[in-house]
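Paired with chain B in one complex and with chain C in the other, chain A is shared by the two complexes that follow.
So, the complex of A and B:
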């Protein structure tokens, strides 16, 4: 017994030593990955984000319908209940829904949707439905899921004010809402590194001027500034052009915080031993910046960028919501929420608020992933 | 101390000038010059414009002259308190702002107070009772608060209000108080209406504050001076308030300045959703209808107020923390 115990103890000790050895020879990025994987919430969030982005990429395939085709008879129809038990009480392996029967309230003339229990419409995977062209390239009419009867309509999350499928529109909205953050952050990243680097590296007057510009941009309330800038966008611009213009508008403020971080890091790292060593080695200024300084805080910058993405998503949502961002033919979560502005409609059809859920989940996920990356970005602190 | 304040004020000058440049760019941003669009707007409303008026307007804003002359005219008018004339409200911009700004300001200020009154005690509680049920609950609420945009919260609030009471608008005053002279009664009535918007505006800030406060205090609590004080028999509550809390609260005060733009911005969105007659709907209207004098003046004044707020918070920090006074 004691022998076995001793043996296991020896084994664990050996394993620990091996782990230590692994840590010693691992590259910085390996260490970061190990640290990140320990942060369970961040890993789960990362998985959620990957799913969200996959859905956005394959929107035409994932969404059961065409986002612009409307069914007048289904205006503001509520979400379907997806059932497994049929009216006779038998269990069905294949889930099904009852189609809606529309009647009018005899007093208020409000539309009432009642499920017609005599008809069962089964769901299916890879069903045929509205035709689409994936990325404008591949023609198909196969959707990931939907009702097997192409004429019927599955109302997963309800229908909007003109009878378009809300779930479909949320899926398509993810495309704009989720990418605007990435593109915007890439833009802010570029500006931030450029001006922050100049500020921190050159110092003196340049630093003074850039810092004052940053301070004044930050003193202005962001949203009114964005609102004012988006007014200058002509309303007859195509969606793609407006999209990029809005990205630029959102980046006008976003780059300032990254520039500050870059500048601060430059100041702090200039005095480090390894920079001095590189100088003694005869490395030029540019080589020091790009070969030694930037990589040493790149992971930190990436973590900061992840935390900046939610701000961009929120910015787009808010701008579109008040009608100054993307406009109607474009689909984004903010544009969808514009429908929910009319409180009397909203009170009768609360599912119009559902895009909110997707906004909140993606922002939470980005926050957690950002937290995890920030903790992992300096792998030498705790290992 | 006086030198410190003076230095801060001097640093503010170039920032204010830059803000005015940004404001001027905003006026210039829409296509066409603003007097033409101004006149087009008046004509669209059926007014007959005399050529003399056009000429006097053009001369007043120096149109046709170099851009820096135009900028200078505009800035000197602005400094003298002449913010221009609003096309859509047909009133001097100063009057509109004077009517609307106080209620916006009250909401922002109240939400700032709420952020501190709610955030600091909860942060302290979370830190002293780490890993308790309360700590976990507030951590979750905190994360949700940061992730939920203000205007969505306002929308949900409005929806709940409508489904429970059937009213659509919160308003700033009760109907019978609408035209009453301003006094204590009217002020109390105002408070009874704006606590909800103020709470919504402050949510993100409160959530952030809880997290900062908790983290700061958790950094301080394991330090030696706390252990020493405890070993010497200082009462736990007195110890907490006297030493670690004072240090933990310091970074919080220094970032009040950053909180202000967030609150102003939140107030704009929340007021828009809740339909409150503050400066926000005016800003949106003026932007949508390209009433650029009104829009820019509002943005400039919000920016300058934020700057003043930042200055005040810097001074406050210097009062609280003697190290700052010496450093700058």
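So, the complex of A and C:
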């Protein structure tokens, strides 16, 4: 008996030496966080995404202008060069821009924007500008940054075809483009767990019917399906309703892969000893599903979903680009890119393609975060 | 009526009586799930588990010992047969006829320890949650404070430090995990514990600790064990009685000492001779190597299922299925074997050696 105690103590001591004391009491989510933090690229990407979402949330404040106010005189004006050295060669602590002066090319009648070096328009933080109502609640006219002269216009990323500020519109576009992925994925998540769970837990005929439906859905080419469904949307619907309709369209296809994963995991986990032990403990079906089955692969599902968000963003962008998704006056990155369809734009106003950069950066960031989460999501494999 | 019949069927000391237990698995094929055969995993098994004893169920992989234990606790429903369970002087209950709610109550008294302590503990739950789960489900915990108190007591019982109750299973070694599994099994103060290869997945040194612990707990709490194992050395140490299974049937059952020294079935003899003996002085012990695989329960040979591998087999063995009959004589405790020549063969037990190492002609 004393031998047993002594041996146990030895065993305990040996086990404790190996593992950091913190790891022993760490919950699943703590372990995942530690693993995730080791993935530097994922951490940087997460920071980028947080900034993007903060910008989207506070779009009215971050954007220097109202996205619908246009300046005819600045149609297709190029981006400003932000300067620190004035024409006399002196260094200015406060950055400034020269306003554009528009002239016409005497041969082609193309607009030519020339910087007027006699005028210096300094930039400022928290400047007053167009009035807005943040989230429809707080009235203000203070913007994060802009030109100190409210009448002048800072062309950070150029102006669009009717003289609206492109940077402002990209900021507002982020609001729709970045959230459509989240809402769509949340819906896919819900549908996938519901149908995958039913399929895996009930088995038999239910399983067979659901699996055949999934196979049929996956066999459909997605682009024609989206086109067909979006044509079915009435064109006189308000922007918000169209937005949700598109989310639903995107998730009708998105849920199938998640349902497959959930089903497979349910099948595998039901054979695990600890699930059998729970049944013998007297745990009911719901308790087993929510306390034993779902937590065992929730982290994996979250990682999968993070990788699914970019698909939703791309789907929205693609649909809007070909004119079947969101339509003006709604602002999304896809809608903005629609302006860049013409070859003339590519040749003369390449800045109109800049929304693509934001699409690419956000999708890459989501992918890296998803990678990091996937590696970290099962912390028990390598402990 | 069922109760009266049950009482007549149960021996006085028995807490669980298994009667004519049969478990068949259909072999299905094709899209329409046509049944093309049947795997006879457990075929007409009878035994009594007496209160306070340890009965070991031994045999090769695939002999049906685990299926038998699962059929007793109704983790798998048997095809036919009865599993009678009785607490004290109460009327015996047939577990096979029970509905879910009744079973939940019965399973408070019959608990199970799994083989692999790495897969039998939910990695997402702390010790407090794992060991406390049965108490919570059966609403025996009361407050959170009472639950912690009870779990701490159980952890002390299995010689683990109660201050570790907020840790997750990944922080523990294999032996410690099996202690956790034992604590979970004991949390409802059961009468019977079914240990399904409870030490097979552990190191030999750790095995001894867990076996000692199980024995100690048995003395302390008056537990009855059904010990499923394939290691005869482990069984010799732990069990009062042994039942040897082959191809879904019990081929020999008796007191451990008697069965080890005086086996009455050729299969038992082979098993004993195959058990590694750490004593260097018994060099001359013959090892009987069985040829071939364990009989396929989906396609059993006619007659005695063991005859293709039996070195004593005669024509009768190929035709007639032997009954499990008493071979221990009138005086001694019950010792039964299912072999046509049980009373004639000179079989080697653990102390004696066969005269000449006679190798199996494969």
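Everything that follows uses one rule, which is that the second predicted complex is superposed on the first by the 364 of 383 C-alpha atoms of A that agree within 3 Å, B and C clash if a C-alpha of one lies under 4 Å from a C-alpha of the other, contacts with A are read in each partner's own complex, and residues count from 1 in each chain.
The definition used in the following text is that a residue touches a chain if its C-beta (ideal position, glycine included) is under 8 Å from a C-beta of that chain, and two chains touch if they have at least 3 such contacts.
Computed from a predicted model, the values in this text were never measured in an experiment.
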{"item": "Chain B versus chain C as contact partner of A:111, first or second or both or neither", "value": "neither"}
{"item": "First, second, both or neither for A:206, with chain B first and chain C second", "value": "neither"}
{"item": "First (chain B), second (chain C), both or neither touched by A:278", "value": "second"}
{"item": "Partner chain(s) touched by A:234 [first = chain B, second = chain C, both, neither]", "value": "first"}
{"item": "Touched partner set for A:292, first chain B, second chain C, both or neither", "value": "second"}
{"item": "Which of chain B and chain C A:48 touches, first, second, both or neither", "value": "neither"}
{"item": "Touching partner for A:353 - first (chain B), second (chain C), both, neither", "value": "first"}
{"item": "Touching both chain C and chain B, counted on chain A across the two superposed complexes", "value": "none"}
{"item": "Touching residues on chain B, where the partner in the complex is chain A", "value": "14-16, 18-19, 22, 26, 29-31, 143-144, 146-149, 151-152, 155-156, 158-159, 162-163, 168, 258, 261, 264-265, 268-269, 272-273, 283-284, 287-288, 290, 295-296, 298-299, 302-303, 306-307, 310"}
{"item": "Residues on chain A engaged by chain C in the complex (per definition of touch)", "value": "1, 3-5, 7-8, 11-12, 14-15, 19, 23-28, 272-274, 276-283, 287, 291-292, 295-296, 380, 383"}
{"item": "Residues of chain C that touch chain A when the two form their complex", "value": "73, 75, 104, 107-108, 111-112, 114-116, 119-125, 133-134, 137-138, 159-161, 164, 166-168, 170-173, 175-176, 181, 184, 205-206, 209, 212-213, 216"}
{"item": "Chain A - residues contacting chain B, complex", "value": "212-213, 215-225, 227-229, 231-232, 234, 310, 314, 317-318, 321-324, 337, 340-341, 343-344, 346-347, 350, 353, 356, 359-360, 363-364, 367"}
